[in-house]
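Below is the structure I would like to discuss, written out as structure tokens.
Chain naming follows the written order as A, B and C, and within any one chain the residues start at number 1.
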Amino acid sequence: MVQKSQDIAVATANKLSANRLSLYYGEKQALRDITMGIQANTITAFIGPSGCGKSTFLRCFNRMNDLIPNVRIDGQVTLDGKDIYRKKLDVYEHRKNIGMVFQKPNPFPKSIYDNVVFGLDINGERSRSVLDQTVEDALTKAALWDEVKDNLHKSALALSGGQQQRLCIARAIAVKPSVLLMDEPASALDPISTAKIEELIISLKDSFTIVIVTHNMQQAARISDKTAFFYLGELIEYTDTGTLFTNPQREATENYITGRYG
Amino acid sequence: MSRKRSTAKIKDKLFKLVAIAFTTIALLSLVLLIGDILIKGFARVNWSFLVNLPSRHADQAGIYTALAGMVSLLVFTMITAIPIGILSGIYLEEYGKDSWFARFVEVNISNLAGVPSVIYGILGLQLFVRTTGLGNSILAGSLTLALLIMPIIIVSTREAVKAVPDSLRQGSLALGATKWQTVYKVVLPASFGGILTGIILSTSRAIGETAPLIVVGALAYVPFIPEGPMDQYTSLPIQIYNWTTRPQADFVTNAAAGIIVMLVFTFLLNAVAITLRNRWYKKVKI
Amino acid sequence: MTHLESELKKLREDTEAMWHLVISQLEKTHTALTDFDKGLCREVIATEKRVNSMELALDRNCEHLFALHTPVAIDLRFVLAILKINNNLERLGDIAEGICKYLLSEDQAYDKQLVTATQLDEMFVKALAIVEDTLTAFQGEDTKLARTIFQKDEELDVINNLANQRLTEYIGQRPDNIGQALNTLSMIRRLERVGDQSKNMAEEIIFYLEAKVLRHGGNKKKKLH
């Protein structure tokens, strides 16, 4: 009884939460009993070695794991206190409230303009003025407007890698989600583009709750408020970033961040 | 230079020469064939040839009805085959991926693409001409041809759709699009070039078919323009075939002339389609 | 401004705040000596807690900066310099507190003759000026000014070196006031350390700006280039 009300407390206090979440690919268990809460308007980083389950966990929040056959979930994931795996949930509406940016920039082979308005287009928005304004707002927030404002109808594929990724960010934020999930958003980019993306992510904190998976610990250290360390599907440590990188509580965490791991 | 190096160099040169030789032979054969046709028939191709109705007199015979028949056949074949072919391809690749049904269909389609075209004629004869009572009409001929080219369209649609990177689908779904919205707004536009290629290939195939059309009753001597899908018809390959069976030398000339027209028609069709496809790729790739 | 730049800016501002606090501590101590104001002494001693907590906060901020941003080049040297300057400032705070304790231990104002003979007041003024100059050099990133600190410190050394002899003379004349004389000697020693601490801070300023290490015999007397 007490456990249940504690769970509810965790769920409602946080923007996003997981409660005893386990995930199985067929027989193989990829996530083990994960419990954590993420507060609104924070940047949370998930770090850990390859295959530790951080991307899998990230994809639970927008139910993109549903697309993989043989996936099974135990436990609970909530957004704004409500279980997102409940039967009545409209997955498509849910995904509209959660934006996702992938490791490799994936702009559609369409114009820059059409890319940004895609989310509105599938919602049936047809008003030219609304679309135009959204494009300008989103591209400005993504620090791309000045570079492309005169070429909105050129193909998105003509942009450089860093610009494409900022375009993907603009596309994700155009539908004004409340949460942004980013799966290694800068790992395919050169250092200068990476720095720009990091500054951009920090600037977005005021408007979104951001969760970012990264294999680059320094990146997690630079931009996140809280960091979660995962290992073999388990959540090992989850605390303020400053604390995790100066005085981690668990030996496994310290071994990983000092590079003594493996 | 060591022994081994010089042997390798000689082999390299030899291979080059052999490759050039074979290419030349192939090209030469083509040149000879076309040259022969051109010599035989070029003079005969004139405006009257194009607009005359068929006749027992070689010098008065023309390919007007054959052209009309061919175009009509093409139109109805495309109307039938393209939508069904594309939608089937999409279904197999996007929706039915893991079902037993899809796999069953997949195996059969690959086989169908290799079946001799005259077999389709026999199938069409039984199914369209006799059982459904369409007789030897354009519709029966078109449906038969549609069956024939559908595997080509399905396979190329599947390949084109398969070539669309999964990351695009993921991006679309992550924005809250449904599966159909993703297919319609992202996958189809991205795969359009490949699909168009499939349509081009199948069109060329359809134009040139003779055997199945003969089986389903395309007539050899049609002195009228078909006015509706239920009319009788002929097509250019059949007309050419018919002329080659006549003993008079002038009909051989006619046949050659007809072949030239066919070739030009095919080249034009391909050129248009390829231009369209390249324009599309430019929009999509840059 | 990048995230790192704003963190470095804050670190600088916090350091300057501590510097100002320490200067005001020394100023109050000087006034307490001149006016023999025990109340002011108690204020200084109470405020020492704040100086200490500022030191802890700065240390923690530097630690976080290293861990989270792994600064390099001038940023790295800057944070390393701040760590050391931080300690120097804390010791300046200790010196002010210490001198105040000597003032509190006496019932009467210090004998004017004693103060004049030993140049105690002058030393105080010079010491304060050195600390202020070092702050100015830090704020203006002025290595030229920083290099003048070494010379100014020597002036304090001179007064310190003469102290023994002068006090011996004074004690000879006024053996009844030996208590104040001994306290004065201690205060002079303390003020000499103000010069040393400032010298260290000046070295750190030159280190982070020029990547030159002047500690332990590096060429301090080299003419400015």
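In the analysis below, contacts are C-beta pairs under 8 Å (C-beta built on N, C-alpha and C of every residue); 3 or more make two chains touch, one makes a residue touch a chain.
No experiment lies behind these values; they were computed from the predicted model shown.
Student: Can you list the groups of chains that still touch once subunit A is no longer counted?
Tutor: Once subunit A is set aside, the chains that still touch form these groups: B | C.
Student: Taking the mean of each chain's Cα atoms, which chain ends up nearest the overall Cα mean?
Tutor: A
Student: Using C-alpha centroids, which chain lies at the maximum separation from subunit B?
Tutor: When every chain centre is compared against subunit B, the largest gap points to C.
Student: What whole-Å value do you get for the distance between subunit A and subunit C if each is reduced to the mean of its CA atoms?
Tutor: Those two chain centres are 50 Å apart.
Student: Could you work out how far the Cα centre of subunit A sits from that of subunit B, in whole Å?
Tutor: Roughly 48 Å, centre to centre.
Student: State, to the nearest whole Å, the distance from the C-alpha centre of subunit B to the C-alpha centre of subunit C.
Tutor: Distance between chain centres: 93 Å.
Student: Counting only residues that touch at least two other chains, what does the list for subunit B look like?
Tutor: none
Student: What residues on subunit C touch subunit A, complex-wise?
Tutor: Going through subunit C, the ones touching subunit A are 2-4, 63-64, 67-70.
Student: Note which residues of subunit A are touching subunit B in the complex, please.
Tutor: 62, 64, 67, 69, 92-96, 98-100, 102, 104, 106-110, 118-119, 121-123, 154-155, 157-158, 168, 171-172, 175
Student: Any idea which subunit A residues touch subunit C in the complex?
Tutor: Spelled out, the residues of subunit A in touch with subunit C are 195, 198-199, 202, 218, 221-223, 241-242, 245-246.
Student: Of all residues in subunit B, which touch subunit A in the complex?
Tutor: So the residues of subunit B touching subunit A come out as 98, 165, 167-168, 170-178, 181, 185-186, 189-190, 283-286.
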